[in-house]
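What follows is a group of structures, each given as structure tokens.
You will see two complexes here that share chain A, one where it goes with chain B and one where it goes with chain C.
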Partner chain A sequence: MKNYFLYIWYISAKDIQVELKKKELLTLTTIFAITCVVIFNIAIDVSAQAYIRVLPGILWVTIFFTAVLGLNRFLSVERDSGNFESLLLLPISRDILFLGKVTTLFFFMTIVEILIFPLFSVVFNLNIINISIILISILATFGISVLGIIIGSMTSNTDVRETLLPILLFPLIFPILLAAIEVTGAVLRGEEWAVYGKWVQLLAIIDIIFSIVCSFLFTHVMKDY
Partner chain B sequence: MNINSKYYLFLTGIIILFDIALITLFAPTEIIMGDVQKILYIHVPNAWVGFLFFFFVFIASVMYLITKDIRWDYFGQSAGEIGVVTTTIMVISGAIWAKPVWGVWWTWDPKLTTSLIMWLMYIGYLMLRAYSSNQRQGATYASVLGVISFINVPIVYMASVWWRTVHPEMIIGPLKESDAGLTVSMGFILIYSTFAFTVLGIFLLVRRFQIQQLEQLSR
Partner chain C sequence: MISKSAIEISNVNKSFGSKKILNDLLMTIKSSERYVLLGSNGSGKTTLAKLLTTLHVPDKGKILLNGNDSIKDAEHIRSFIGYVGHNSLLYGDLSAYDNLRFFSNFYPKFDFEKQFDYLSHLLNLSHLINQKVNKLSHGERKRVSIMKAMITNPSILIMDEPDAGLDSNSLDNLRNSFFPDLVSRNITVFMTTHNTELAISIASVIGILHQGQIGFETRVANQFLEIIKKYKSMDTNQS
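So, the complex of A and B:
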């Protein structure tokens, strides 16, 4: 069991080391996320009374778009360098490979979020850094990573590649986005855990279900890679 | 699949014609909603066929992943295509009904939200297969997505129910239970109509399946 997590970490650590040398993906996604926040800030009148109600949506749509952009870039590098083919030669089960890639994406998305959340707080003049929001962000980011990797590893092999990923991914992560938006909104309105606790539980359940199901299905995806 | 399709086509045609006659000539006109209520006899059967066929997609996906028999994939694709068509009819007929009755074309009611997200998921299911680089890969990828999508449907429904209760102002005059006020004859026609559309759906499924086998032979 200890080895299981160690192997997952090895798979992920390789990607992270490469990225820390190149700093390509993180730069691109962070700049894109900043652009999104700026565009939304211009598009929405922050002096209006009701703007707090749309903020959680803006935050999570930004994160979703950034995740799709980053994931497409990540997977196209993987494909062009033949990285997946090499990893398939390793004598490990495919679910380790899958969870390793999920960890990588989770790590990248978390870094972008760490940079974006304070920026968001500043430009929209609101404190969104809160223990509940951090908890929901971790759960939502993990869920997006799990579904993103399994869908992305399939779409990156199709004829239309990048275009197909957001189309397939959005309906699947709809409950995750909804939960994240609802919790962020409830926290901003100053509501209690009793109001939004069920969303956190739902997200935890989604994460558990999909990480088990997708680890299993990934074996089949890799057979026809 | 040794069904003599000429007789089956004839039988399906009779059943559907009888259904149309029942709906247009014999179904009682509802007092408050008027003729628009008759959309119910199209809307509900199509919803049922959509759900049933997406369940078939799930079965076919699981079976394909286990057996790798390409016929399961034909079955899944056929069911997915017909399911998307009937879900489209369901959404459009629902909107036509909702405008005079609810006053809006669309509202984010849990059932409507779930239907729309489900429709998007299964269009994605067909797209992923269509854009795959070869048949084997398309079959495997679509099956994987077919399993994930089916698991996601109840989660989407649950999330939409909670979402609505958080935003009660988003609901514009939903009727209580639309079938709560059905008379016996209405109930009978609805059941018959559901049966008729199921027969039609299975007829289309069989034909689509046969066409795919012919396509495979011609390759």
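So, the complex of A and C:
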């Protein structure tokens, strides 16, 4: 069991090491996310009360598109160089590989969110740094990473992967985005945990189910590479 | 003495879409043999190599490596095979050393540093090992890729056209140092190539893949590697 988590860490640490040398993925996704925030701020000229209604949607749509952009880039680097093949040749089970990739994507998305959340707070003049929002962000980011890696792996051998990825990803990610938007909205409206707690629990259950199902699915998808 | 089979392929079929690549393929490679497979482009050499590495699974038939089934025991098989493919299978932004260190993390039961020193000398890579893979030439990358396949001390080495893109010096290095070393360590080799000269000089068995089957197979009365091995041991004794 110790080796299981150690191997997940090795895979993820190597991806992070490669990215830190290139700084391509983080630069691309951060610039995209900042651009989205600024454009939304300029385009929507409403009162602070209306902001509270639309801000959760803006926040999570920005995170979703940033994730799709980053995911395409993240998967294409290994696919184009043929390096994914060398990972598949390692004497480890496929779910280790899957969870390693999920951990990496989760890490990169979290970095972007750490930059975006304070920016949102400043630009929209609303405090969104709150323990419940941090909790829902962790759960939602993990769910997006799990689904992103599995759909990305399934579409990576097709010619229309860049188009197919968001088309397949969005309907599956919808419950995650919905829960995240509901919780963010409720917190900004000043509501109690009793009101939005069920969304957090639902998202935690979705994450557990998706990670188990997707680990098995990944093993099946990668059986004949 | 009857030598054990390292690789047994029984009635293997493999198709991609409607294109049949391998058709009831039968093949046996004994332990410590060096099997070189020739065949025209598109004959299925790479497909067969990938079936042996467990990257592909056969549609029908069975593949055993050291007695392990390529589907049921895939994970275990990957612990004792080395693979050199068309691509270098290395991370361009990392140094050759970092690449080797990363991959070796998943094989805990061997002495990395010892194997590393030995192979970097054998493949004449000592001066390149700290350079980024992106900065290396195609031939140098190929040699690092061969080193990566060997670093975990595999008992079966699968090489898909390892000579592609190598200059004559690198080819000589493979022929005169690397392959004799494989012989002395009793490593079973399965190699595909278009280079008949290289095939004849290193193989103990040569096969030709034609229409998804082994169309021709012959045992080579090859003493080239034995002569080099003997010469080297005499040279060492003298010094």
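Observations
Definition applied: the second predicted complex is superposed on the first by the 220 of 225 C-alpha atoms of A that agree within 3 Å, B and C clash if a C-alpha of one lies under 4 Å from a C-alpha of the other, contacts with A are read in each partner's own complex, and residues count from 1 in each chain.
The working rule: contacts are C-beta pairs under 8 Å (C-beta built on N, C-alpha and C of every residue); 3 or more make two chains touch, one makes a residue touch a chain.
Computed from a prediction, not measured in an experiment: that's the story for all the values here.
Legend: residue contacts after superposition of the two complexes on their common chain; A:Val38 is shown touching neither chain B nor chain C.
Within the superposed three-chain model, A:Leu88 lies in touch with chain C and out of touch with chain B [touch as defined at top]. In the superposition on chain A, A:Val122 makes contact with neither chain B nor chain C.
By the touch criterion stated above, A:Ala179 is placed in contact with chain B alone, chain C being left untouched. By the touch criterion stated above, A:Val160 is placed in contact with chain B alone, chain C being left untouched. Contact with chain C, but none with chain B, is seen for A:Lys14 once the two complexes are overlaid on the shared chain. Which of chain B and chain C touches more residues of chain A is settled by the count: it is B.
Shared-chain residue A:Asp224: touches chain B and chain C both. Comparing the two interfaces of chain A, the one with chain B and the one with chain C have residues 223-224 in common.
Contact residues on chain B toward chain A in their complex (touch as defined above): 65, 117-118, 120-121, 124, 127-128, 131-133, 136-137, 140-141, 143-145, 147-149, 151-152, 155-156, 158-160, 162-163, 166.
Those residues of chain C that touch chain A in the complex are listed here as 50, 53-57, 75-76, 78-79, 81, 83, 85-94, 98, 102-103, 105-108, 148. Residue ranges on chain A touching chain B, taken from their complex, read 147, 150-151, 154-155, 157-160, 164, 167-168, 170-172, 174-175, 178-179, 182, 186, 198-199, 202, 206, 209-210, 213-214, 217, 220-221, 223-224.
For chain A in complex with chain C, the touching residues are 3, 7, 10, 14, 17-18, 21-22, 81-83, 85-86, 88-93, 223-225.
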